[in-house]
Amino acid sequence: MKIHEYQAKDIFKKYSISIPNETVCRTVDEVVAASQEIGLPCVIKAQVMVGGRGKAGGIKIAKTDVEIKDYAAAILGMEIKGIPVRKVLVSEAVAIASESYLGIINDRTEKKTVVMACKEGGVEIEEVARQKPEAIYKVYADPLVGLLDHKAREIGLFLYENPKVAFECAAITLKLYKLFIELDSSLAEINPLVVDKSGRLIALDAKINFDDNGLYRHPDIEAMRDRESQDENELLARERDLSYVRLTGNIGCVVNGAGLAMATMDLVKHFGGEPANFLDIGGSSSPEKVMNALEILLKDKNVKVIFFNIFGGITRCDDVAHGILQAKKSLNIKQPIVARLTGTNEDKAMEILKEAGLIFAATMDDGAKKAIELLQ
Amino acid sequence: MSILVNNDTKLVVQGITGRDGSFHTRQMLNYGTKVVAGVTPGKGGIDIEGIPVFNTVAEAVEKTNANTSVIFVPSKFAVSAIYEAIDAGITLIVCISEGIPTIEMVKITAYLKHKDCRLVGPNSPGVVSPGQAKVGILPGHIFKKGAVGVISRSGTLTYEIVDHITKVGLGQSTCIGIGGDPIIGTKFIDCLELFANDNDTEAVVIVGEIGGRDEQDTAYYIKENFKKPVFGFVAGKTAPPDKRMGHAGAIISGTSGTAAEKVKIFKECSIKVGDTPAEVADLVKRAV
Amino acid sequence: MKIHEYQAKDIFKKYSISIPNETVCRTVDEVVAASQEIGLPCVIKAQVMVGGRGKAGGIKIAKTDVEIKDYAAAILGMEIKGIPVRKVLVSEAVAIASESYLGIINDRTEKKTVVMACKEGGVEIEEVARQKPEAIYKVYADPLVGLLDHKAREIGLFLYENPKVAFECAAITLKLYKLFIELDSSLAEINPLVVDKSGRLIALDAKINFDDNGLYRHPDIEAMRDRESQDENELLARERDLSYVRLTGNIGCVVNGAGLAMATMDLVKHFGGEPANFLDIGGSSSPEKVMNALEILLKDKNVKVIFFNIFGGITRCDDVAHGILQAKKSLNIKQPIVARLTGTNEDKAMEILKEAGLIFAATMDDGAKKAIELLQ
Amino acid sequence: MSILVNNDTKLVVQGITGRDGSFHTRQMLNYGTKVVAGVTPGKGGIDIEGIPVFNTVAEAVEKTNANTSVIFVPSKFAVSAIYEAIDAGITLIVCISEGIPTIEMVKITAYLKHKDCRLVGPNSPGVVSPGQAKVGILPGHIFKKGAVGVISRSGTLTYEIVDHITKVGLGQSTCIGIGGDPIIGTKFIDCLELFANDNDTEAVVIVGEIGGRDEQDTAYYIKENFKKPVFGFVAGKTAPPDKRMGHAGAIISGTSGTAAEKVKIFKECSIKVGDTPAEVADLVKRAV
């Protein structure tokens, strides 16, 4: 799960990581009031959960009251990568002496939490990792003892020559690590971490992502979820315990299992079609789950054909068949349905569906091809 | 021979009294797996499918000499179940439960470091050595004894590919679902090390997906170290970046961990990649 | 450091460990008011930090208002092992179904934190450990991962057959462990832990000791120190960074180093004398520290002779000598001083002290003997 | 031969810029110890007594091949200093600093378990192998090269006993102050295991005190395993129960850990016990 910069900064504040003086605003009037509170010049930053806000014109420095109004109106009216900007952060313009990068993730290969530092701030760290890996200094936390003080000092001494600043940075690193662990983060990033003209370290930007598997023990974090800016189908699927991701095609896919669901999308594409979505109905799927899945799927008006690809194991094909029958009745489905149901109770499923007007397929390949044909 | 599970496997089912636990205990027994004990704290003393249930794994091990555990408990209790199995001296733990926070896996990995114990999963569909033992939820009927090792990050996609392999007339030595989480106990390379020494295995199929760089690391490892033919498949070619595709580990971060990148490196390392599940089976069939 | 039962129970409350309904009182009137609040019968328990309160008559169950007053007056007026009772805890009389013991310490031999459980409550655990060690069930916490849930369940299942009670006990065990670790305890004990008639687990008594080395990071715990019931000389020594323990003899000992200080006391005793105290002036001792030490020592009116035993290493004998000279002047010391000063700068010390009227000793043995002779 | 420290000891002083650190660096250099580096974070680049100071132990090890560390930092930073030394690959750490919370020692012990590193202390006065190296704060002039190993829980009491041993005409192979805390890195038995294999050591003196059961365990160990003559002393015969006698570990709990109990078990295990420090030296003198 992702949260906005301003939310991440609220968390930073709780962990005593210094941030600029700033306020989140929803209207131009609020921006004007905030700028008067903070004093000019001010930075206005679009609060959207995608990268490249700066390039898209979503971050501006305003030096006058006129600029404040103009920029606020412009940014609050814009879309960035298709996402409308609903909030901006109005922030003091920090006098920057130097910028660097500080971030924490769980390293999948080493199976350890790793702190990464880079002397260049504001960079895309994955880009640096690919192009100039030697520019990134890494220290691993001991999984059981935690991030040891001397490891945090190493980070500080790598980034800053001045011992005072280096130790302040070490302290921030320990706080960021504490936050990362305590909140089940999957990414905690200060980018850039800046030294201001007075020698103080400030987190100018903040990004925190959370491990979905850990959210159950952080209701306060779950409550930060920005429902406004999320796809409504994805939200609905989440509520109904289904895994759904909207794509841009027209063949709606209903699959059991995440890997098979991806492979199904890929197969549709492989044979020349365009999948409309990723949709995993999960393991022990009841007829109700199939109903729910179809309801969500059909909210996407691009869907012209529905392709069921079920490999029964725990999932029983007859449950799926019942779900399809019920959905056909109650949801008034007009789109043709291609069904490939194999494994547990597939015979029963065929019996149930024999008069339902479905197009049956014996294999995945067959099903994908039939779905594509139906579009023409 | 096979790897990980075999005729010597003596299985304890953690969470045996739950819906999934009891259902799959029956399935595993039907397959011929030696299920010797079940554990549900507080329910010690009863029987499930004729299998004695204990309060603790330690007691189950003491009374039945169980050496392998399969975990079916709700995600909130799965971490504790893993630690309990490790402390009880279990040497192979197969964790079917999903939803374990990543940071708990970081800790479990460190805890396992100096223990004589291997963890498969979490979020694993299980491990099957056809004709010997089935540990987990993989449907038994699709397997056939044979010489192809299968290692996969997913569940039903594994069934799909195994089914194709069986249908082209080949069989499997052992099939391992390593699990779809970002941090897992046993990775592709760990399985390959075991397959390398297994005389029953002549070829290996790796079923990967988007997210992380495990497939990439594995490809380089194979190029340098692994002598048997390896075939690959990667799911998620059409997945968009920064979206979790079901599995906690199946997420492209920016531009890294894409299927294209993985397929490219597989091919660079002379691993034949199937474009579709059916094609994978055909490639294997042609080679062996 | 030790705290009172009522303070330990306040901590239990913070960690959600159930305790009886109870109030701490300083006067008979407060006890009467508390008993009316709680309802009769009530238990009145003397709050002193020594064992054997029950045997000494410091714990009584009062069934009537008259008993409440009588017992309160009696207990608030008594001394237990020489310590005056200044506070009592007035507590509901819990209907007890069963009693057991639950305690946590750091095991010096295993170098791990250990949880100990015993099916008999209210016992002296060290006594049980000696006489019937098999009655104590022990589980060790992993030092880095902590007390794992299944270990806590083991404790619960050992103590109770009923799974519901066993799991409640496991939960209490985890809370007690959390408290133990977070507060740098050296002992956290529930003795007895009782099941009441309704099947609920309650901590009927509570004992928490703290690791002195950890106190610096727990100012809230340090603030619980009961200064009233501590020896004033020991408190003063603590403030002045000296280690002092009052004994009952008449030869005051001033020594550098804890081991040597104990050996000096032992030697005095060995040759037939009685040491008045343990006093370690520490490593790098300045003249001021020696002054402070003598000031504290002389508050003990039993001291008839002072025996300095200094083996100079970091401690410089000349510093000690200067301290003695200053103290003689400003404190008007009447008691004879036997001085054995050897090691770093011992010659200088002799020079400084040559006209101070001290009795010099060449060895510890010699010094101890001379100190004893001076008493006759 | 000696144990723990010798002519190959290359010492890094952690906290070298502090008052105690710099003073004892001079003392150790005067004794002939090979002090090769100092560490104080943030002060890297300067010299103390001609010894280069680094920001980190890792850097000190890299530049000077230091293999032993002595810690003189304030107690609040001592835990971090120990971890840093372990991670830097130091094989012997002597921690002079005192006041480390017990629970931190529990953790450090576990962290050390699979590391090639030994910790002496905390709250240790140091380790001396006369004529070779002195690491810590023990006064050098009382020592004489010889065949008596000394292991002690205290500081100045060790000086007292060593002084007597020297004055009766004997010398020491190595003298180890193991520290007065309840949980310490190296215990009596650990030292005895090393002395058992040290040809230069003919007899061992153990200086114990009240608190815990280390002396008792050691006595039983000696009875079963240790072939060289051992002599004992126990301080605190007159100590009252439940009072901390200076050292964090010197406390009689109820009736356990008394000097009487320790002396009794020493004697049961045929370890001769001196009633006074002088007597200990006499006993050794008569035996060797």
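Labels A, B, C and D are assigned to the chains in the order they are written; within every chain, residues are numbered from 1.
Methods note: a residue touches a chain if its C-beta (ideal position, glycine included) is under 8 Å from a C-beta of that chain, and two chains touch if they have at least 3 such contacts.
These figures come from a predicted structure and were not determined experimentally.
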{"item": "Set of chains adjacent to chain B and to chain D", "value": "A, C"}
{"item": "Centroid-based (C-alpha) most distant chain relative to chain B", "value": "C"}
{"item": "Centre distance in Å when chain C and chain D are each reduced to the mean of their C-alpha atoms", "value": "27"}
{"item": "Geometric centre distance via CA averages, chain C-chain B, whole Å", "value": "55"}
{"item": "Residues of chain A touching at least two other chains", "value": "142, 144-145"}
{"item": "Contacts with 2+ other chains: residues of chain D", "value": "107, 110-111"}
{"item": "Chain B-facing residues of chain A, complex", "value": "51, 106, 108-109, 111-113, 124, 126-127, 129-130, 142-144, 181, 184, 186, 211-214, 216-217, 243, 245, 247, 255-263, 265-270, 275, 278, 280, 283-284, 311-315, 342-344, 363-365"}
{"item": "Residue numbers on chain A that touch chain C, as the complex places them", "value": "144-145"}
{"item": "Partner chain A, residues of chain D touching it in the complex", "value": "41-43, 55-58, 80, 83-84, 87, 107, 110-111"}
{"item": "Touching residues (chain side chain B, partner chain A) in the complex", "value": "20, 23, 75-76, 98-103, 105-107, 109-111, 125, 137-139, 142, 152-160, 163, 180-183, 207, 209-210, 212-214, 217, 233, 235-240, 243-250, 253-256, 259, 275-278"}
{"item": "Complex interface listing, chain A residues touching chain D", "value": "142, 144-145, 148-151, 153-154, 157, 163-164, 166-167"}
